[in-house]
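In the part that follows, the structures are each spelled out as structure tokens.
Next, two complexes with chain A in common: one pairs it with chain B, the other with chain C.
This part shows the complex of A and B:
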């Protein structure tokens, strides 16, 4: 194992050196730092050109400049962006944070959604739902991201903001949406005609009911989770998590989940109006993480208290449910500043933005800041998600189908396990193995692919840094970007191989 | 049993929570709904302006800081002696200070700053600040230049560190060789030019605050002491003191990821204070409460937001995130702006860059007399015939009018349309008659026939290959010049055209743009003088050179226009080339903002910021 890692790391370093050399030559060919001066009519043009040649050492051969640059890298000096004279290290710092913010939410959400939909699609192979998902995912997969981004801005931001100015959905549209939702639900759940009809009706009624509730309670003006929505959602979460984690037959787990949900509803008031109020000035993401862990701990504790022979399962279920319910309370708190946010002069009734990563001149406390960065993340995250979601759907569908046709699945069914156990424990887990190799690589592609999304949404991330530096003929930031991306790609490959070996006992990495 | 116990526990907790809720919780007011508090949200209003490059350095005179992105922000922050108005006339701002040409020979100018003008930390703006500008950009303080050995290592690093090196030099101020004298009250400074300089009026002003530079470089706390130390250092050319001063001047005002903690690094002497700076995102300027000058703004806050993508700017305008944008103009951008409908103003106007065709005189090609055995007349006829066939009006009609309906042919080599000299110069230089916009095929054919040159004549044509507009221009020119089989225009489009320009042996005619950054008349010198830096084609005319010599030292603006007209008449007679159009620009704003009226050179939309107003404030408070 160790020799394998060492060997891969050494090979990776070699690749990194060679690729950085080639890229340096290519970038040097591409850019012309003197181009803007060539057009200049400044009276001291000759001086300026001489000065720049000296500053950038353009009179030296490119290979010599490469070795000087790579020497700097080894001593920890990433160079400077010569136009602004800012150290590349500084530039990267801000850019990496912004990109990670954007990419992480998009990656997690698209994996969760993509895998879920892909698995369901595989279980209903060759059904209407399967064809529909296949169609939609190919459609999304083939969309160019710059176009998606522009459309999202037009409808998701400008259109939605216009809607918010007078938030009323005509009842005909509400009913229409309900019918469509019902149709999709019955496709996904499947079964005989009667079951389909019942499921479809339930789905339609739930959707229409939910929309009607939002509409009539004035939810669009003051969005909130509140005790009612919190209670309903928490119970749904409790049942859903239990069903996936242990199955509803495990009564202890179910009671644990429901207790967590109930506790969450009971704590909603004191947490929202006392705890968060007093914490407002001290809030940061570290505190949020601590509170989240605390909630999960409480959930685990409740599961342990229910005891029984399989208390570990109850504890797991309780932890997940408690964490999710706590998350809902957190979201509710963030939503509570919506009113002042929406009405502030800086927002002026148009809360979904199209550019930037924060609203200028907004001010406000920590919660306002969270809400503001959320509204700014919304559309770029969606743009990235739509495309990688499609990919994950295809991957997980394919691997699930393959797994479900294995002999051990037939054996599991034959020995009388419930369909849930077969699908979740024997099928689903094994279908994740190929995904483990795809995800790390995909994260890298996403960082690279976020170039277009970042540019169009004006987020100051890595892609934006790369483009701007290339435009400004600044080789050092460009090379820093390329070096980081190729470094991450190599690391991701190594990690993918290792994960594969850990997950799948048939694979050995001993070299 | 156990389950019941735990349910009871949960019920107790729930009940407890309900009891607690009976008291008025502290968090209930202030965060919920729109009734109570506002969660600390800022209630100010501002105009948001979309721009393409972020602000990054306060010292726009240094080698790194010299960019429009910095100049526009500094224009809002700092007052100056003069500015360009809508018609590109230089207008003085006497609420800041005055200047006066005391003598023509030697050219002597006295600049005086008003008594009540201060930096935003309370220190007066005075002659010390102007002395620093001269010391830094005249180049006369510099004592060292970096020397390198064969391996490119700086051999005299210690001397460079110890010496004085200001990293940018202004050609005009270099003519002021003697240290300018400061008046007794410390408000005036007198510059004596060793030879007259035509553009002295746009050549000088206040740069960065002297007391800040001196106090940081020399570690002196008191502002007046710091200034005195700086004045003494410059007067005595004290390298030991000037060395840290030059280092701080070069790099001390560069911004990092955030607004510097040290407020003295971004002082204002004018209408706005820099309030907030978020790297790559925006800068916010707030009206300076202590400003007493003539350019007091009515808009409380100006925020400049950065986004490079023109379409993204248009959508941000539509979504109300920015109020004014000035994106790079394309047909798509203009179409989507027009689709926004009512509530938005769209202004199409000229920009500072102009497109032109030059022909080469010295490369042994079709326009070089050497090709015809030194026969000047034949080469001239070929040049004239070629230029007569450049379809200038057609290019504008097909490529430019859709972006700027008022676009017209530019008929001057040296003056921007709309500037004071343009009408004078274009009326007499004869370009419109010699090289009509509609082309003159008959005259061109006759010229070639008379000259007896074998047709078709090959012309290698250089332009930027990836620039779609230039590709189309090339097509139109090639088609027009190819009529009657006169010229065979060879496609020499190349992405490295900027570098290839230097070597005229590789092409016979070129198509590209020159950018004007001011109305300074000496800017055109390098384009047309024998051996001039931008005179790529080897054009040489002794009379033109003599006229430029005269222009360099002519300080009378009327006479400057006359000289330029004479120069241009020679250029037309010699068939130097033709100018085609001014780059089209577009500015759009929502109607909440009034008073936006851009000019073609820096600071473009910002020049009249004190005339802006916004109706957003009233709306928000109603």
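This part shows the complex of A and C:
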């Protein structure tokens, strides 16, 4: 295995060097730094051209310039963007963070949603739901992302902001939404007519009830989770996670999950008003990750304390539930600054922005900053998600179908295992193997796709930097971007191969 | 066997299976591989709808405003009164579309500018049609170029293996390292402009990698088969084995991935044109139209809607055609017969059994 990795890394480095050389030649051919001067009418045109040639060393052959540039890379000098005279390293610093935020949010969300929808679609193959999902994913595949992004700006931002200024959904629309939701639920759950009708009615009633509650309690003006919603959601999470992870028959796991939920609700007040209050000045994402791990650890601990022969399953369930409930409390804290955020001068009652990745001159504490970056992420993430969501739906549906038709699934059923065990443990886990190898490659596609999203939403990310530098004929930022992206692509390919080799024992890597 | 049958096994499972087999047998009996594929494709409703809509769009775009053959001087003119770049007097206030729907108070009417006009009086229908022509041209050329390169690279490296394989696959790795849209932007800046052909060829030169890998995989397994040995024993040359014996067996993979590649090609071209690295004025592309008109979304939404709808329609059609082709070429694909068909086949089997018995 080690020789395999070393060999792949060495080949990858070689490819990276060759591709950077070819790309340098190509980019040099593409851009013309003298273009604006050639068209200028300045009297000292010749002098300006000569000056720029000297500045950019254009009199040297391109191969020499490449070696000087790559030599700089090896010593950690990424060059300068000559128009602004700023070092490329500085330009990249903020840009990378912005792009990473966008791409990681889009990746995580589209994997979660896409895989869930794809699996359900596969389990209900050739049903109305399956056909609907297939059609929708085809439609998403065919949508030009720039077109969707413009629409999102129009309706998602401007429309939603108008709605928030006077939040009231007409009752007719609430009922219509409820009926649509109920229809989708019965399609997804399926079964005989009676069961479908009951499920549809429950889904519709729940949706209408939730919307009515939000509307009547003035939730849209002061969005929050609060103890009541937190309690209800936590119990639902506890049941759902247990049902998926061990099955409700496993009482210890269920009690672990419910204990975690109860603990979360009990801790809501002290965490929100003492812990977060005193921590506000010291908050950063490292602290958040630490608190999340702490919560998961407490959940695992509760699972262990319930003991029993299958304490590992209880611990796993408890960890997941505790982590999710802690996440809810975190979201509640972020939401609690909504009022001041909404009414601040910089926002001016238009909370969903269409441009940039942060509001300038916003002020406020760390929580306000988090909320601000969330509102900025909302629409670009949606636009970026659409395509890869469709991809994950198709992949996970395909691989789940493949797995569910295997003999070992038949064997598992014949052993008398419950349908949950068959689907989750024997089916779902194995269907993840081919998916895991696609994720790294898809991330690269998303980084490419981020170019368009960043351009439309004016996010100062890497893609935007690349496009601007390409337009401005600045070779060094362009090459820095290309180098980073191809490095990531090579790493992603190696990771994909490794994941495959680790997850699938049939693959043997003999170097 | 489908998962459906496994979840609720019925007592007469055996009879159902016979019925299913009977239906399947009737579909393939006495037919060549090509005929089976063709009939499966023709039966695929999504693919047929896609094919018809696509043909309609193609004919509409070509005949309405006409098109140049090789040179601009030899121009086959169409039946539409306006050209894509002429400015005309504005008919409706603000240039709103003259197309009215049957349920509107005016009743159904097409009018002189069905898709509306922009602020200087361009006829949007003519512009969208020219955009469709450009984008379709790019799509087909990208498909052709990348299929040719991909098949060649894949076939050579899969058939000869050894150092040829290593060299060609390293070259593929080289192209794969940069996302298509990124390298497309660089190439688009170099080759883009009013003429779509150079752009299309350049894009085709970087989109072949996926196909090459698929074809290589197919060739690697097919070259070990008996019919290849037989051909070699009979004295066939390498090129004959590649083109006459192996390639026809890999045609399914090639056609399907070419179709899917073409649907991503049209999205790539429109995206590049939108970013300003693709087709530039005076020529028109669908992505460029959206870029040009996106700021007038509030005042003249039709300028934005029509080009977008045509991109979606084309890409959706190509995707459905690709899906139909995949189903048609996939030998494992079995249609799930409807309950009625099953009953009919079962009844026929029963009748046959009784006829034998008596």
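To be clear about the criterion, the second predicted complex is superposed on the first by the 510 of 511 C-alpha atoms of A that agree within 3 Å, B and C clash if a C-alpha of one lies under 4 Å from a C-alpha of the other, contacts with A are read in each partner's own complex, and residues count from 1 in each chain.
Methods note: a contact is a pair of C-beta atoms (placed from the backbone, for glycine too) under 8 Å apart; a residue touches a chain by one contact, two chains touch by 3 or more.
Since this is a predicted model, take the numbers as computed values, not measurements.
Residue contacts after overlaying the shared chain place A:3 against neither chain B nor chain C. Of the two partner chains, neither chain B nor chain C is touched by A:104. By the touch criterion stated above, A:85 is placed in contact with chain B alone, chain C being left untouched. The partner of chain A that touches more of its residues, comparing chain B with chain C, is B. In the superposed model, A:406 makes contact with neither chain B nor chain C.
Once the two complexes are laid over each other on the shared chain, residue contacts for A:35 go to chain B alone; chain C is not touched.
Once chain A of one complex is fitted onto chain A of the other, the partner contacts of A:150 extend to both chain B and chain C. In the superposed model, A:54 lies in contact with chain B only, and not with chain C. When the shared chain is aligned, chain B comes close enough to touch A:362, but chain C does not.
In the superposition on chain A, contact of A:418 is made with neither chain B nor chain C. Comparing the two complexes, residues 150, 154, 455, 467, 471 of chain A contact chain B in one case and chain C in the other.
Those residues of chain B that touch chain A in the complex are listed here as 2-3, 6-7, 10, 13-14, 16-18, 20-21, 25-28, 31-35, 37-46, 48, 56-57, 63-64, 67, 146, 152, 167, 169-172, 251, 254, 256-257, 276, 278-282, 284, 301, 303, 305-309, 311-313, 315-316, 318-321, 353, 496, 498-499, 501-502, 512-517, 522-527, 533-534, 616, 620.
Across the complex, chain B is touched by residues 32, 34-35, 38-48, 51, 54-55, 57, 60, 64, 68, 82-86, 90, 93-94, 150, 153-154, 157-158, 161, 222, 255, 259, 262-263, 265-270, 272-274, 276-278, 302, 305-307, 333, 336-337, 339-346, 348, 350, 352-358, 360-365, 367-368, 455-458, 460, 464, 467-468, 471 of chain A.
If you check the complex, the residues on chain C that touch chain A are 1-4, 6, 170, 173-174, 176-182, 185-187, 189-190, 263, 267, 270-271, 274-277, 287, 290-291, 294, 297-298, 304, 308, 311-312, 315-316, 319-320, 323, 336.
The residues of chain A lying in touch with chain C in their complex are 11, 15-16, 18-19, 22-23, 26-27, 29-31, 123, 125-126, 138-139, 141-147, 150, 154, 401, 404-405, 409-410, 413, 444-445, 447-449, 451-452, 455, 466-467, 470-471, 478, 481-482, 485-486, 489-490, 493.
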